[in-house]
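What follows is a set of structures to go through.
There are two complexes below, and they share chain A, which is joined by chain B in the first and by chain C in the second.
This part shows the complex of A and B:
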């Protein structure tokens, strides 16, 4: 069991290093989506709707994977934003956009913290 | 303990990061032979060649989701007895009831704990075969 555990931890550390590299890319991408999402309120703008849906997809994945790689705070933050976005999309983009914007900012900071910490 | 040996797992997951951690876990702790697929569609294409003992599958996936893929397996007599475990974040009571209705062997909630994953799979595997033996 000890050997299994150490073999697992060794592979997990390699995977975690790669995951951290991918967090950099995720941070950049989410930053671009955030700019698209909050620059206009015009729901006829297809880019706005697409940006929200794309962001939801990325954050859903981040919420699922980050906790498994040991980033529990990032997991909680992304899960909170995932649920907010889900409701926002479900309510035809009519709920409080400011709350989403604030939580988006918190998430981007949390990603930066995770990258710096490791 | 059932006489059935769990060796080959068809692991169906579209998220590359979760694929990585899932595969490492299944190989390290379960000593399983793991074959990866990125969608239900790919699983449907590969399953007969792989001939897995178990399918471990996400629900929300592009191209073909887990539920559709499982229903396709059930239509085929060669595949219908292969146990399918859903590994998903969509695990509210009504969702799990829906999975049970279509005959899923078990549900593992994401995010999963890597240390607990293989014991959870083995438990579902044992229950599935115990039920199957009683039915026969």
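This part shows the complex of A and C:
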């Protein structure tokens, strides 16, 4: 029983370590997407539209997974940005882009904090 | 040799959560017979494998968890636990009407999550056994 428990704990720790590694990758990717998203307002630019949609996908996953791995603040921050991005995309990219930019910055900082903390 | 372990399906589009859920279910005696990272695959596996239990995300590519439930009449045979980051009242009502056994928020600590899955499975299993007998 004890063996099973320690085996399980070991698996949980491995899962958390793998998750932290993926946070590093996500941080880099989201940084690249942020540059793409906020360097132009030209909605005819396919790269801009794709960047927003790709970022939404990453942030949606981050929102659920960070909470599950015990990073509650990161979960809340990503959840807030997920909802902002969802509205922004739904409104044909016409709502306040500045708010999204600010929250994006907060999220990147929060990811860094989570990585450093563990 | 007969395999007596209850069979479970894990449906989640985030790889790390999918792995974690598989560990959790295996640790409490389930055999993972399938995993899916989108609603379409989930629907196919639910229909072909008829698992005893399925833990399923709501927001997924192609088909949402709610859409999967609408398309397969599986909640009587399979104990369905929805796992979600957001639980708005309308979605909860809709899923309950479709026969979902329980909702678990993704920010639930792992030990509590284990307890809730076990309890939900036991209730489902007991009800199913009572109906049969």
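Just so it is clear, the second predicted complex is superposed on the first by the 110 of 118 C-alpha atoms of A that agree within 3 Å, B and C clash if a C-alpha of one lies under 4 Å from a C-alpha of the other, contacts with A are read in each partner's own complex, and residues count from 1 in each chain.
Basically, contacts are C-beta pairs under 8 Å (C-beta built on N, C-alpha and C of every residue); 3 or more make two chains touch, one makes a residue touch a chain.
Computed from a prediction, not measured in an experiment: that's the story for all the values here.
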Is this a clash or a fit when chain B and chain C both end up on chain A? clash
For A:18 in the superposed arrangement: first (chain B), second (chain C), both or neither? both
Of the two partner chains, chain B (first) and chain C (second), which one does A:64 touch, if any: first, second, both, or neither? both
Can you give me the overlap between the chain B contact set and the chain C contact set on chain A? 4, 8, 11-12, 15, 18-19, 22, 60-61, 63-65, 67-69, 75
Chain A contacts chain C in the complex at 4, 8, 11-12, 15, 18-19, 22, 60-61, 63-65, 67-70, 72, 75, 79
For the complex, give me every residue of chain B touching chain A. 15, 17-18, 20-21, 24-25, 28-29, 60, 89, 110-112, 114
Given the complex, residues on chain C that touch chain A span 13-14, 16-17, 19-20, 23, 27, 57, 59, 84-86, 105-110
Hey, which residues of chain A end up touching chain B in the complex? 4, 7-8, 11-12, 15, 18-19, 22, 60-61, 63-65, 67-69, 75
